Each structure stands twice: as C-alpha cells, then as structure tokens.
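Below, subunit A partners subunit B and then partners subunit C, in two separate complexes.
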Partner chain A sequence: MTHILIMVIIAPLAAAVAGSIAVYWSERLLRCVVAASAFAHAVFVTSIIVYVGDEGSMLYEVGAWVAPVGIMLYADALSVVILLILSAAHVVLVLHTFSAARASRGATWILVELLVAALSGIVVSGDLFNMFVFLELATVASIGLVAHKRSATGAGAGFVYLLFALVSGLLFMIAVVLVYRATGVLSLSGIAAEIDRAPEQAVRVVAGLLLGSLGIKFGLVPFHFWQAPAYEAAGSSAAALMSGAGMKVYLYVLIRLIFHALRVPVIVPRIGVVLLALGATSILFGHLLALAQRDLKRLLAFSSVAHVGYIFLALAAVSRGGSIGAAAAYGAILHICFHALMKSTLFYSGRSMIVRARASATERMRGVGRAEPLGFAAFMLAAVALVGIPPTSGFYSKWRIALDSFAGYGAFPVVVIAAGTVISMLYYARVLHLGLAEGERPPVTGAERTPTAALALVALLSLGTFSMGVAGPAIEAMLTGAAAVLADPEAILAVTTGGAA
Partner chain B sequence: MIPFSLAVPVGLELTLLTVFVMIGGFGVSLALSARDLGLAGATALHSLAGVLSLLARDLIILLISWELLAFSAFWLIRRVSVPRRLLVSDALPDTGGQAGGSRDAAARASFWYIGGQICAAALFFVAITVHVGTGGSLEVAPLASAAQPAMALGVFIKTAMMPLHGWLVGSYTRAGALAGFVLSAFATKVGVYTAARTLAVSLFSLPIVSVVGALVAVVAVIFALSQHSARRLLSFHIISQVAYMLVGVGLAGSATSATSAVGIDAGIFHAINHIIYKALLFLVAAVAIDYFGHDDLDRMGGLARHMPLVFVCGVVGALAITGVPGFSGYASKELLKKASGGLLSTLLTVASVGTALSFSKFIYLIFLRPRPRVDGNRPSVGRVPAFVLVVLAGLSVAIGLSPHRVPGAPMHDYYAVSSVLAGVWPAMLGIGLWVVSGRWLMRIRGAVDPQPMLRRMLAGFAKAALPPLRRAHATDAQLALGITITAAIAITSVLVFL
Partner chain C sequence: MLQQAMYVAAAIVFGIGLYGVLSRRDMVKICVSLSVMESSLIMILVALAYRPDAAAPIIVDGVATYVDPLPHALALTAIVIGAGVLSVALALTVIVHRAHGTSNIAVVFRRGR
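And now, the complex of A and B:
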C-alpha cells in the first residue's frame, strides 16, 4: 500500500517521458497520456489521503533500504493537503487547457508533467538531499515553462529566473551542508532528533539561509524580483500552476524544515519577529507593487507576493507555540488552500480576458467586461474573494490570520492586513472600472473566443472561492488535521520511533 | 464557518427598517418608470444591503452589509441615467445642458466612492478583530474600549464627517439624478446605526463623537451656503444632518446612561425623518434638474408657476429639514437638543439657522426667482414621481404633527411652548437673513473645499511613488540580484544576533 507514495512521483514522470515520445506521434496521443497522468495522480493522492486519514501518516522506504542509507518517503496530514492542492491544480490545468486551447505546444505538456513530478517529489521527500534534487528539477521545469513561448521577453524572464534559481539553489546547498555537518544525518526525522545537540549558531545560520533560498522560490519581498517577469512571460495556465500549487509546495518546504526538522521556533523563539517583519513588508510592498502595474499578469504576480506575506503573518503566530500557535496554524493552512483556489481562478479567468483583449496590458481591458461577461464576472468574484470581502473564502482566512496575529503580536499586523485590503481593492476596482468602460468592440474572430466549456470551468472555480467561506465545514476535518501537524514542533520526531516499522 | 444570525429589530429600528424598505420600493418604481432596469437592480441591491444592516445580529453580517452597500453604490453611481425621464412631455425644450452628467466623471466618482468605503470597512475590520481578540463576542453590541478608536474612525468615514466627505460629495453630485435619491438614504444612515449599536467612546471625558458631530453640523452648513449646484448643496446638508445624528448617538460615550439612551433614540429618530425629507428634497432637485437640463442653481427659477405640486413638496421638505414646528425635522431636532444640552445644543441651533438660510436660497432660486417665460410645450412631472413626492411630503407633515405616534419614538412633550419657540426662532432668523443678505450670499462662490486637497494628496503620492516602483521592477536584473543576495545575508545575520 505504501508504494503509492512513490507513484505520485512516477506517474507524472512517466507521463513526461511517454509524452516526449508521443508528441512525435500525434497531439491526440499526447493528450491521452497527459489525461491519464492527471487521473492517475489524482487517484494516488486520494488513496494517500484515505490512508493518512486512517493511520495518521505514511512511510515508504525505497527498495526496503532503511535510513540512514536508504531513501525515505513520508506523508502526513500536512503533506496530504499540499498534495491535494497540487493534484487539484494539475487536474484543473488539464481540463482547462483541453477545453480552451485547440492546439498546444507539446513541450508545454512535458514540462508541466515534469513540474508536477518534481513538486510531488518535494512534498513526499523524507530527507533533505532528495528535497534538494527535486527542487532543482522543479526549477528546470519552471524555467522551461517561463521561456518556452519563444519571445524575447520570455527568454529574458527565463534567464532572470535562472539566475535567481541559481542563488536559491546555492543557499539551499549551503544549508544542507551545514545541517549535515551539525547533525550527521539528512533524513528530516533524524535531523529533528539530533538538532538539540547541534550548535545553536548553526541552526540560526541555516534558518536564515533557508528563508533566503525559499523566499526566492515563493517570491517573498525582497526576494520577489524574478516573479512578475516570469508570470508575465509564462502562459496563464502555467502561471496558475506555479502560483497556485508551486508556491504552496515551497511554503510547505519552509514549514517542514524550519518548524519541524530544525525546530527553529523552539531554539530561537524570536524568529517570530523576523517572520512578522518579512510578512508585513511583503503585504505592503506586494500590494503597492500590484497597484503600480500596468499589466494584468504582473498585477496578479505581485498580489501573490502580498499573499505570501499573509501566510507569513500566520506562521509568525505559529512560532509563538501553545494555543496561539495551534489556532494560527489553522489560519495558515486555510489561507494556503484558499489562495491556491483564488489565484488559479484569477489566472484562468484572466486568460479569457487577455485572449479577448489580445493583450495583457490593463489599459487594453477597456470594455472587456461587456465582451467577455462570464470570464470577467468570474475574475471579479475571485478578486473580491482575494481582497477578502465577507462572506467569501478569502475573508474567512484573512479574518483568522488577523485574529491569530493579533493574539501573537497586537494590533500592528491587523493594521497591515487592513491596509492591504484597501490597496488591493483599489487595483481590482481599476480592473473593474476598465472592464466596464465602454470601448469600441472589435469584431470577434474564433481565436479570441474562449470556449464555453472552459468558461464554465472557470465559473465553477469562481463560485468555489465564494462559497468556501460558507461551506467550509466539509473540508474542515482535513484542514484541522493538517493544522495540528503544522503547529506540533515534534511532528517528525515520531517518525523514527513509531513509523519506521 | 461564518455564523449567520439575523433578527427583525423592534421599536424605532423597526420603523427605520420600514423606511428603508419604503425608499427602496420608491427608488425601484421610479427607476422602472424611467425604464432603466439596471438602475432598478442596483437600487434593489442597495436597499437590501441597508435592510440587512438592520437585521444583522452579528458584526460579520454588519460588515457584509457595509461592503454590499459600497458595491451596489458603485454600480448605482455608474448608471448615469438618461436625463428627463421624470417628466412627461410631447416635446421638451432644448436647453443644451447635460443633466445626467458625464459617464466618465461618474465612473471616476464611483472609484473614489469605493476607495472611501473600503477604508471604512477596513477600519471596521480592525475594530472587530481587536474586539474579538480581546475576548469580545461577535454579537452586535458596544465594542471593547481598545477597539473603539478604529471603529469611530470607520464610522466617521462612513458618515462622511468632514474632512473625510470627499467620496460623498463627489459621487452624489455626479451620479444620475435618480441615483442621488437612493444614495442619500442608505450609506450614511447605516454608519449612524452602526455607531449607535457599537460605539461608546469618550476622550478627556467628552463624548468625542458628539463633539465632532456638532462641529461638522455647523461647518458643513457653511460649506452648503456657498454652493451653486442643487445636488452639491443637498450633499453638504446630508453631511450636516448626519452630524446631528452623530451628536445623538455619540452621547453613549458620556457619563450618564440616561442621556445616552435618549441620545441614541433621538439620533435614530432623526435618521428616520432625515431619510424621508432628504429623499423628498433630492427628488425635487432631480425634477428641477430634468426640467432645466442642468444642475446650476444660478440658471434656474420660476418653477413654482409650472409645477405647483413640486413647489409645495419642496417647501415641505425645506421646512422639515430646517426643523420648523409641525414638520418632521422639528421633533427629532428638539429631542437631540434636549439630550445633548449645553454647548452642543448651541452649536446645533447655529446649524439650524444656517440650514434655514440655505434652504431659503434653495427654494427661492429654483421656484420663486422671476425667470423669462419659456414658450412652447412645457413638461409636467410624471405620475410616479408625483406620487412619491406627495407620500414623502405627507409623511414629513404627519410625523411633524404627531411625533409620538411614530412606532418606537421616545416619549417627550414635543409641543411645550418653550420648545416650539426654540424651533421657530432659528428658522425665522434664517429666512430673515436670507431676505436681508440674499443678494450678497448668492454672489459667494468658490469657497474652499478641503476634499479635493486630500484627493490631490493621494493622487500625488500615487504619481510620485508608484512609477518608480514599477520601473525598479521592469529592468535591471543585476540590481535585483544584488538586493536579493544582500537581503539573504542580512536576514541570516539578524537571525544570528537575535
């Protein structure tokens, strides 16, 4: 049964390989391979969810080689939520592209499958070294997705992304070396067991390096510079995958390493202040930068930067531990899930507007609301959710984060969140303003029309962002489980003792 | 995940709810009679949001109603209706004006409107977070003292207390004439209601909300006096009258509980009366704007002869807002003055004199000033607007004559001799001042309005700060990499030395 853990990596990886052969055969065959992969991935993730729901965690030792020599794959309630986000993003991407685009470049699919395999690998990795390998693999796939449109901006953005990924990889590598020097092990549970005996300075340096390395990956201010050009150059669907699921996986890595493996909040309690400062800076700068943009995809990219900040505020409160930490963990998980849904919806519905306006510049969105009413309505509904207007899902997670960070750090983070709400409302109001403006309506040819099936999917997602705030209890049990794991500093310690059998 | 608790209120609040429903119904029927379906939809949503605020029994629902009011108003303001739909005529004389206002101006105004409203809602959010965070429940009740300042600031924005009134004046004057009728009823009054339910704040043992209210009541009237556009004049009077209400509900911050209860009731009562007579006045202005084809008081006149019914209704509205005994404004203003007392009451009396002066000008310029006869087919007011005007005017008189019959209205000897005198003399003084100084007053123009200054400051900040931010992220990967690496090192060293 535990073999499934490796299957979530193998399925998309096999699809990438099979797809690169199938692409020479026919587009149709490639699509079959991709669909099969998305379906299989979803099935595997579902069975992992069920298994973890029953047993609490899942451990797989590849080739029955036990640690410290062997490779360990591990999943618990926290990783399961991230896997669910990843799988859902994968399935939605496939459904959307199948219904929206008549022809797609074969390379895109291969890169998407490669990215999904890498991201799944990161989530289920039980040791630092494998995590590093999969992180690098994800980087390769992402650069491909950013640059594959063969435009000058795409190449430039890909190059910038490559530079940043190099720095990120380097920082991560140094962190891995330092951890190994300090503890002598690389498995996460082993690190958690040994870290108390490691010199405290090493933990501090590793925490700083990881914040820098992963900060680049999920676009935290001031590590965010690559993100806007990359999302602008990438296709909307690729951006949706990278922002909706990729960013969450990197956040998961940060949580796993900082909170569980290194147990930094226990050793350096004041890391909370650093997380709080980084989060507040990200929220304010991210929203201001989004307000300054003149391009829809760049606007969405900077909004992602801001939303990493919200999750950081929650993580800062988690680092306080105790009941505050337990409550805040729930807010963090909630915002991770809701943001994945909301941002994907924005990218997909934004795509229908961009296709109709034949450009992604916000100025060109004049009148797009009249020309593409369904896509535009879906976009605005998701935007309202992301701004955090009650009773949408975005409001609920924002409200939780505000309450928890108030308990941890007083009124300052609450004021930051409120300011973020105001600024983000302004930039979405401008999109609304332009979209409803009366412009000359160019004659529509087939290429500018998003097919109804794709629009229906987008509308469904958008309704999801709206109703999650009301219908949340359906997923509450799963999220509570994940939050309990997040808040527990000894979440991984149990693996060596109980789970190894 | 979000608790939804609604309950039908009782007493004075139920009356307020009834008035909300009535104005919403009138707004929808006016919009339908003008054959503007979009406007009818926006009106219905806007009034539903108002009703929701009164039904709300928890703070989240109240916040939802705030946001819903903002979004429906956004739609309402942008629906610049085709002018002249309130009138019936075979052939309208060509006046060359643009009564509906330009779509562009309305769109810009709606942008500022939503900006102001989201600021208010964000402050509401901060207040309830602090309230719940310090152990309070989500029930609609006076907030914890730590949450009061944010809530008070939010309410000041929502009730357009100067100098935070830019969103109101800008949008009410640029929206379609009919939209003003609906807008004037809801947003600010929901702000007052929220204040009545949640605020109890004092500064240096002064009820600060009441003090701000009394000051704004006077200042807004001074601004209203220098206006030459019918809707701008009415907008500044909304601010002034809403400030009256805040004087009442702000008394919750004063020491004695007896005055605070009376004050809150007086404030809500004034809100009820105000909605009725201000809707009446806005409709009169809308008819006048449709008739003349523009919104410039200086170029109006002589409407009394052509539309005697509108004239009578306009006079009733003016008497009601001035607080002349026998009209609705009198009863609630009398209560407010009794409850507040002292300096606050004096300030309110001064504001009353100004109001009388201002509405003498309003009535004179639109209806009475001699104007050269226009030949040809004169338009008459349509059936639905006429009906609405008569009902609203009738209600203003009925409430004025027997205020104690209003369900939930506080028991009080409304027609004691001293009270009647206190209601009559400011009105007489105001009308007298108009007779004496009207010529001079009409010539004042271009009074300083602080709100464009605030707006220019914000726009200036946006212009100065945002393009450099954008440019810094458009190019220069080297700089970006440098910043990134430096920041990584900096964070690591902070962690090492923390």
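And now, the complex of A and C:
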C-alpha cells in the first residue's frame, strides 16, 4: 500500500520519458500520455490522502533499505495538502490546455511532467539530500518552461532565473553540508532528533542559508528580481503552475526544515521577528512594485511576491508556539490553499484577456472586458478574492492571518496587511477601469477567441475562489489536520521513534 | 590542519567565483564563474570526508578507519547536477547570442524592453 508514495514521483516521470518518445509519433499520443499521467497522479494523491487520513502518516523505505542507509519517503497531513494543491494544479493545467491551445505544445508537456515529478519528489522526500536533488530537477524544468518560447527575452529571463536558482542551489547545498557536519545525519527525522546537540550558532547559520535559498525560490523580497521577467516570458499556464503550485512546494520545504527538522523556533526564538520583518517587507514592496507594472503578467508576479509575505506573517505567529501558534498555523494553511486557487484563476483568465488583446501590456487591455466578458469577469472575481473583500476566500484567510498576527505581534502586521489591501485594490481597479473602457475593437479572426470549454473551466475556478470562503467548513477537517502538524515542532520526531526503526 | 587549509582554499575559490558573477556582464564569463563557485562546494565536501590516516571507503581486512563515504556521494551528485545546469545556461547563451549578436546580459535586457 505504501508503494503509492513513490508512484506520485514515478507516474509523471514516466510520462515525461514516454512523452519525449511519443512526441515523435503524434501530438495526440503525447496528449494521451499527459492525460493518463495527470489522472494517475490524481488517483495516487487521493489514495495517499485517504491513507494518511486513517493512519496519520505514511512511510516508505525505498528498496526496503532501512533508515540510516536507505532512502525514506514520508507523507503526513501537511504534505498531503501540498500534494493535493499540486495534483489539482496539474489536472487543471491539462484540462485548460487541452481545451484552449490549438497549437502543438510538444516539448512543453515533457517539461510540465518533469516539473510535477520533481515537485512531488520534494514533498515526499524524507531526507535533505533527496530534497536538494529534486529542487535542482524542478529548477531545470522551470528554466525550460520560462525559456521554451525561444524568444531572446525568454532566453534572457531564463538565464537570469538560472543564475538565481544556481545561487539558491549553492546556498541549500552549503546548508545541507553544515547540517550534516553538525548532526551526522541527513534524514529529516534524524536531524530533528540530533539537532539539540548541535551548537546554536550552526542552527542560526543554517536557518539563514535556508531562508536565502528558498527565499530566492519563492521570490521573497529582496530576492524577487527574477520572478517578473520569468513569469512574463513563460506561458500563462506554465506561470499558473509555477506560481500556483511550485511556490507552495518551496514554502512547504521551508516549513518542514525550519519548523520541524531544525526546530528553529524552539532553539532560536528570534526567528519569529525575522519572519515578520521579511513578510512585512514582501507585502509592501510586492504590492508597490505591482502597482508600478504596465504588464499584466508582471503585475501578477509581483502580487505573488506580496502574498508570500502574508504567509510569512502567519508563519511568524506560528513560531510563537502555544495557542497563538496553533491558530496561526490554520491561517497559514488556508492562505497557501486559497492563494494557489486564486493565482491560478488569475493566470488562466488573464490568458484569455491576453489572447484577445494580442498583448500582455495593461494598456492594450482597453475594452477587453467588453470583448471577452466571461474571462474578464472571472479575472475580476478572482482579483476581488485576492484583494480580500468579504465573503470571498481571500478575505477569510487574510482575516485569520490579521487576527493571529495581531495576537502574536500587536498592531504592526495588521497595519501592513491593511496597507497592502488598499494598494492591491488600486492596481486591480486600474485593470477593471481599462477593461471596461470603450476601445477600438479589432476584427476577431478566430485565433483571438478562447474556446468556450476553457472559459467554462476558468469560470468554475473563479466561482471556487468566491465560494471557498463559504464552503470552507467542507475542507476544514483536512486543513485542521495540516495545521496541527505545522504547529507541532515535534511533528517529525514522533514519526522516527514510532515507525521507522 | 589539512582540513582547515582546504576550507580556507574553498572560501578563496568561492570568493573568486562570486566576484566573477557580480562583476562580469558576459554570459559565458558568468557561466565560468558559476562553475568556479560550484567547485568550491565540492572542495568543502571532500574536506569534510577527510579523516587522518584513513583508507578509501572500501571494506578491506585489517583496515580500521575509513573516510566518510557520504560526502563523496554528495559531491558526485553535485558535480552531475552542476554539469547539467551549466549546459542549460550555455544553451540559453547560444540562443541569446543568435538573436542579439552579443552575449552581454545587460544589452539583452535593454533591448528586451
């Protein structure tokens, strides 16, 4: 039964290999492979969810080699939520591209499957070194997705992304080496057991290196420079996968390592203030930079930067521990899920507007709301949710974060959240204004129209962002489980002594 | 002692690579500097595995101490990943050079606007 845990890596990886052969046969065969992979991945993730729901956690020793020598895969309530986001993003990407794109996608599919395999690998990895390998694999696949349009700007953006990713990989590797030197083990549970004996200085340095390395990955200010050109150059669907699911996986790595393996909040309590400062800076800078953008995809990229900040505020409160921490963990999980949904919706509905306007510059969006009403309405609905206007899902999670960070750190984070909300309202209002303005409407030749099926999918997603705030209780059990794991600093420690042996 | 010397050497090599990445604008030179930076990491890994008077990590009768094999495995993996990522970087450099006739990264972005 626990073999399923490795299947979430093997299925998309096999699809990437099979796809690179199938692409020489026909586009249709390639699509079959991709569809099968998305379906299989979803089935495996669902059965992991069911298993973890019953047993609490899932442990798989690859090749039956036991702990110190063997490789361990591990999933618990927290990883399951991230896997669910990843699988949902995968399925939506496949459905949307099948219904929307007419042109042959070829190699892009192989990169998408590779990225999904790598991201799944990161989530189920039970040790630091496999995490590193999968992180690098995800990097290579992402670079391909950024640069695949073969334009010179795409290649330039890919190169800048690669520079940042390489530095990020180096920092992560140095962190791995330091952890190995301090503890003598690399498995996450082993580190959690040994870390008390490590010098406090080492823990501090490793935490700093990890914040730097993963900060680059999810575009935390001041490491955000690569993100806007990369998302601008990448296709909207690829950007939706990278921002919707990829970013969440990197956040998961940070949570797993900082909160569970290294138990930094217990050893260095000041980490909370660091997280708070980073979060607040990201919110303010991200929103201000988004306000300054003249390109729809760049605007969405900077809005992602800001939303990492919100999750950081929640994590800062989690590091306080106790009842504040437990409550804040729920807010963090909620915002991770809701942001994945809202940002994917924005990228997909934004795509229909970009296709209609034949450009992604916001100036060219004049009148697009009249020409493409359904896509535009979906975009605005998701934007309203992201800004956080009640009763949308975004309001619910932001409200939770504001309450919890108020309990942990007083009025400062609440002021930041309020300021961020006002700024984000401004830039989405500008898109709304331009979209509804009277504009000269170029004759539609057919290529500018997004097929109805794709629009229906986008509308469905958009309704999801709206009603999640109301339907929250339905998914609450799963999210509460994840939050309980997140808030428990000994989450991984318990696993080793229990089952691994 | 030898180990400390290795760490210092690795730090110097890392500094050289970092200086190259930050000061050069030519994409090929940036790639070279990056691989210099990566070599410093592999030096650290090799130094980390070192034990005085230890044998290579292959079990032989009559040998008591072995060097730590795990950092060696890490070093091998890091070399492989580094080579793969470097080749992608060089491929991107080729695409940029074909389109712009230069591999200066700053020029690429000025024209890209």
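Quick notes on this one:
In this section, the second predicted complex is superposed on the first by the 500 of 501 C-alpha atoms of A that agree within 3 Å, B and C clash if a C-alpha of one lies under 4 Å from a C-alpha of the other, contacts with A are read in each partner's own complex, and residues count from 1 in each chain.
In this text, a contact is a pair of C-beta atoms (placed from the backbone, for glycine too) under 8 Å apart; a residue touches a chain by one contact, two chains touch by 3 or more.
Quick caveat, the model's predicted, so the values are computed rather than measured.
Of the two partner chains, subunit C is the only one touched by A:129; subunit B is not.
Of the two partner chains placed around the shared chain by superposition, subunit B and subunit C are both touched by A:163.
When the shared chain is aligned, subunit B comes close enough to touch A:292, but subunit C does not. Taking subunit B and subunit C in turn and counting the residues of subunit A each one touches, the greater count comes from B. In the superposition on chain A, A:207 makes contact with subunit B only, not with subunit C. When the two structures are aligned on the shared chain, A:271 is found in touch with subunit B, with no touch to subunit C. Look at A:180: by the touch rule set out above, it reaches subunit C but stays clear of subunit B.
Look at A:39: by the touch rule set out above, it reaches neither subunit B nor subunit C.
Of the two partner chains, subunit B is the only one that A:436 touches; subunit C does not reach it.
Comparing the two complexes, residues 159-160, 163, 167 of subunit A contact subunit B in one case and subunit C in the other.
Taken in their complex, subunit B has these residues touching subunit A: 1-2, 60, 63-64, 67, 71, 74, 78, 103, 107, 110-111, 114-115, 118-119, 121-123, 125-126, 129-130, 132-133, 146, 462, 465-467, 469-470, 473, 477, 480-481, 483-485, 487-489, 491-496, 498. Within the complex formed with subunit A, the subunit C residues making contact are 21, 27, 30, 34, 37-38, 41, 44-45, 48, 70-71, 74, 77-78, 81, 84-85, 88-89, 92-93, 95-96, 99-100, 105, 108-109, 111-112. Subunit A makes touch with subunit B in their complex at residues 159-160, 163-164, 167, 171, 201, 204-205, 207-209, 211-213, 215-216, 222-223, 225-226, 228, 268, 270-271, 273-274, 278, 288-289, 291-294, 389-391, 396, 399, 402-403, 406-407, 411, 414-415, 417-419, 421-422, 425-426, 429-430, 432-433, 436-438, 469-470, 472-473, 476. Subunit A makes touch with subunit C in their complex at residues 129, 133, 136, 139-140, 143-144, 147, 150-153, 155-156, 158-160, 162-163, 165-167, 169-170, 173-174, 176-177, 180-181, 186, 229.
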